[in-house]
Amino acid sequence: MASDPDPVQDFCIPYTPKPDSRRIAQLSSLQQCKNASEANADDFIFSGIKSAGDFKESGFSAMSINSKAFPGLNTLGMSFVRADFDLGGINVPHFHPRATEVAMVLEGKVYCGFVDSANRIYAKVIEKGEVMVFPRGLVHFQMNVGDSPATIYGSFNSQNPGLQRIPAAVFGSGIKDELLKKAFGLSGKQIDEMRRKLKPKEENQS
Amino acid sequence: MASDPDPVQDFCIPYTPKPDSRRIAQLSSLQQCKNASEANADDFIFSGIKSAGDFKESGFSAMSINSKAFPGLNTLGMSFVRADFDLGGINVPHFHPRATEVAMVLEGKVYCGFVDSANRIYAKVIEKGEVMVFPRGLVHFQMNVGDSPATIYGSFNSQNPGLQRIPAAVFGSGIKDELLKKAFGLSGKQIDEMRRKLKPKEENQS
Amino acid sequence: MASDPDPVQDFCIPYTPKPDSRRIAQLSSLQQCKNASEANADDFIFSGIKSAGDFKESGFSAMSINSKAFPGLNTLGMSFVRADFDLGGINVPHFHPRATEVAMVLEGKVYCGFVDSANRIYAKVIEKGEVMVFPRGLVHFQMNVGDSPATIYGSFNSQNPGLQRIPAAVFGSGIKDELLKKAFGLSGKQIDEMRRKLKPKEENQS
Amino acid sequence: MASDPDPVQDFCIPYTPKPDSRRIAQLSSLQQCKNASEANADDFIFSGIKSAGDFKESGFSAMSINSKAFPGLNTLGMSFVRADFDLGGINVPHFHPRATEVAMVLEGKVYCGFVDSANRIYAKVIEKGEVMVFPRGLVHFQMNVGDSPATIYGSFNSQNPGLQRIPAAVFGSGIKDELLKKAFGLSGKQIDEMRRKLKPKEENQS
Amino acid sequence: MASDPDPVQDFCIPYTPKPDSRRIAQLSSLQQCKNASEANADDFIFSGIKSAGDFKESGFSAMSINSKAFPGLNTLGMSFVRADFDLGGINVPHFHPRATEVAMVLEGKVYCGFVDSANRIYAKVIEKGEVMVFPRGLVHFQMNVGDSPATIYGSFNSQNPGLQRIPAAVFGSGIKDELLKKAFGLSGKQIDEMRRKLKPKEENQS
Amino acid sequence: MASDPDPVQDFCIPYTPKPDSRRIAQLSSLQQCKNASEANADDFIFSGIKSAGDFKESGFSAMSINSKAFPGLNTLGMSFVRADFDLGGINVPHFHPRATEVAMVLEGKVYCGFVDSANRIYAKVIEKGEVMVFPRGLVHFQMNVGDSPATIYGSFNSQNPGLQRIPAAVFGSGIKDELLKKAFGLSGKQIDEMRRKLKPKEENQS
């Protein structure tokens, strides 16, 4: 499976000019490679997920390390995530538009699963050292069902897999009430309530 | 963007042996091409979406024509859909794991939109002859907002784009109540109610 | 099938600086994305093919909407075309170097077909609501054989499928006479005549 | 550029059961790999183009070595061709739907060229040791303009690039006269004449 | 980056008929998918790398989990490896022909590095929780430089990345002595000695 | 097989601004296409490998023509190499991280081979007019075993296949002695000696 274009050189660490103007800001989204002779080992090493992120009150923290966070990944077709769960913490139903994910449990017991195009669910509790694959683009989710914090390390076959968290994407994005009411069989009041709950919470997490 | 492997011949209409045994049924999922000399124009023409599907009570009907329904598409990286909307009919928030969609309004006025990875919404009412693109893998939706039935013709850059309809995938698939309650801020009773409403309705539509 | 690189973000509407100098003109061919926060629904909607193009005397008009005409398509791997045919109007034998086409008849009766690598023809008259697939890179053609104007809407699995119209590419491009005479078994006078007829006509259409 | 799917193993020499029945014939189009332990060096070596093919009266001979002729190429995304030209011999305008070609002149002086989507021609006489690239899917052609036989060795980035020779594809395939007359500005008599000349000639060459 | 073809369905767990004959053995290399309705969560979970493999005397153990070992990965474009190192244990210079690798240190201190096409080295000691990326197809290596056993978890963007371990591929495969002597500036005696050492050791590891 | 992204236009000859500053140097690695109307046939023709390179004392010379050396190849997914061998000259074990190679012997008798992921060797002497395929990313090698100079012309399915020459990549790049000693069963003195021999020699060749 392929979610990214193929590379045409060994690697390409983006050259990022200082963002001192609107125009430069635009240019910085171009793919400009540093001269390879100026690259060194540190460009290919990431040290920012050695410990858990901050759970705050949500009980869940995810650090998604795509090619923006770790430029050495650029053009190489991979990225990764560290997800930490407090007791009972959840990773809400979500999916990645451009990648398959292979997730390994580093600590704890986690209920993991995904849903296929026929609405069949594939879910189970897995433990430290076990690995589950979430096929490209399918809705999946996790919940810490053990009695201690849990950690998952996921890797993706895209340098920027994208992310749509269902509650925020559907109820926090501004889709017309009438459509949501019909789609989910909810009342206007219920929709409002969900919006109130979901909007700020997601903003903290994004 | 690419959602399918490249072809290695002009075309490959699957050769489908009669499904008279379990083993043959398995074999039929293999990619066996008919001899090209036995193919003819009819293999590349689809006539099954000349008129609307049956709305029933849901007010919406979609006929997805992938390479199973239209074998001539096999290996060619495209497929299409005809969606018909009665007054107020909706196509619930959904996405295609393996394709971008380009949708043209054939009749009527339709509120169309999608949500990006940052939960921003891009939505507007479009009319007969207008075209909207839904980027690969992003949640999108439609609702007939005109005063007559509406029809959309969508095309995909995959022979089998896949489909996840959010209400059924999330509330009709059997994800644990506790996870859903936390994810959407709903009570157990509300979840039950949504399940009751969504399960059978989706089954009719799939 | 894949004719374009995979995307590495949800979408990328090209940022096009004003073409006020030669250098900027060059730069504008780079892929610079607008900040997603500055995009809106209109960037993903195309309204320019609601009515037929101008037939002039040729009896045929095609509006090809690739990622230059509709920047929202950029990186998304799709584009489309509206083709209108007056009575007896034809779309000359042509092909798209980088895409499969799925063509739906919106109005009229159209003789549609393609030729495969073994010079076998797959052609038939199709009508409103019928769909024909033209496999990637193969020569295909259309002719209005009904008694009223006809319209076709085609979609492609490339943001820029390319186009080679055989008469103009072969007889209007300047290939040496000697080669053309041998290739087609024509006299020099016949070649000259075809050139005279084909050159200006194609220029109007391109 | 990619015209084939990526491999998922080092190589895959197709396992071809004896074609002793219709059903086996179908099966043989499946991709079945020989056990790698039964492969040897000869599976990856091709010795059939050491000398020129037979010109017969046409003055041109091409031996296209795709993955059918040389099974070791299967899944590896490449193939090649040897083309020999007698004095004044031509390779008629043609294109490969699924590959770029890089052509090296092994002997002689050859007028080589291609036409782009804007009908611009890129053509020149090149000599032994010179190389010309024909971009994927564009019409190209060659003619021996030296005073001795010429030979070209071309390679492709597809295991099966496909081939459409314009004269035979357009005038030898059975496209309706009326369409051809309009497309090329020819009379019915001229079309008939071209058909008579092109049909058998192409059949010898294919 | 892409090393595998794109999927055309949500997933495809290979259907493997019993290998009771030579012919069936061949057939089993075909891609036959189990009916999705017969799949369950266990098909997508791998539990075989919860603990280290057996170091034996080599001080190193790698368990490569590709789509043969874990059929649920089939068509999904990813695979993974667990590598364990005793004190001073090494993973010899090697590369994967069809994938980038992202490697995370689960335990210990490991000297990790790769070499680019200009023979520049990118190497450093990394620790638990740090991640290094090895670009597709480049030679890389690891050595436990801490004072306790070390473990690395690597993931790949191919379901079957392939592996060439340089010592065995070059000195243990049977390349002519004369070529090796010239290539490495070694004497025949030295080559013999390396062969003796490398042949059996690699066989234990493969 | 695919080692490069797909093109999205007929061709794209990079526009290279003058490298008069560090910033421009960076910009020049961007993909800026010349206006197609300013391109001509010479942009697609390469004349630099009509005769052999300089053997110097090494007995081997390779001219790798990727998209940097021949900008017309840019985005077209192919490149090529001319390799000349004096009597007994060798092309050391090496591989291309991003391409399959199809190699034709233009002159002489050459021992050619490659090694697969199971360390099996596929090697044989081939002669003028014979062709061997080296699957993507696998170690391969050549040696002139005839009694006159030999020449090979290789083509690749990537515009920039990359190259890792094993002796220089492993012994000339600075991998820690301890790791190399263990990996190859060599003494520190032997490693030093190899380094001395390999370092300068490779530098002349790169």
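Points to keep in mind about this one:
Just so it is clear, A, B, C, D, E and F label the chains in written order, and each chain counts residues from 1 on its own.
In the analysis below, a contact is a pair of C-beta atoms (placed from the backbone, for glycine too) under 8 Å apart; a residue touches a chain by one contact, two chains touch by 3 or more.
Please read all numbers here as calculations on a predicted model, not as lab measurements.
Among the remaining chains, those touching chain D as well as chain E are B, F.
Chains touching both chain E and chain F: A, D.
Repeating the D-E interface with over half of its contact pairs identical by residue number, the matching pair from B-C, A-F or E-F is A-F. When the C-beta pairs in contact are tallied for A-F and for A-B, the bigger tally goes to A-B. Both copies, chain A and chain E, contribute mostly matching positions to the interface they share, with over half of the numbers common to the two. Chain B and chain F have Cα centroids lying 46 Å from one another. Between the CA-based centres of chain B and chain D the separation comes to 38 Å, rounded to the whole angstrom.
Residue positions of chain B touching 2 or more other chains, listed in rising order: 2-7, 10, 30-31, 97-98, 113, 117-118, 120, 123, 135-136, 138, 159, 162. Shown here, the protein chains touch in an arrangement that is not a line, ring, star or fully connected set.
Contact annotation for chain pairs lists A-B, A-C, A-E, A-F, B-C, B-D, B-E, C-D, C-F, D-E, D-F, E-F, with touch applied as defined. By the touch criterion stated above, chain F contacts chain C in their complex at residues 2, 5-10, 15, 17, 30-35. For chain F in complex with chain E, the residues that touch the partner chain are 2, 88, 90, 92-93, 95-98, 111, 113, 115, 117-121, 123, 135-139, 141, 143, 162-176, 178-180, 182-186, 190, 193-194, 197-198, 202, 206. Across the interface of their complex, chain C is touched by residues 2-6, 23, 25-27, 29-31, 67, 97-98, 158-160, 162 of chain A. Those residues of chain D lying in contact with chain F across their complex are 1-7, 10-11, 36-37, 39-47, 49-51, 65, 70, 72-73, 75-80, 100, 102, 104, 106, 113-114, 116-118, 120, 122-124, 126-136, 138, 153, 155, 157, 159.
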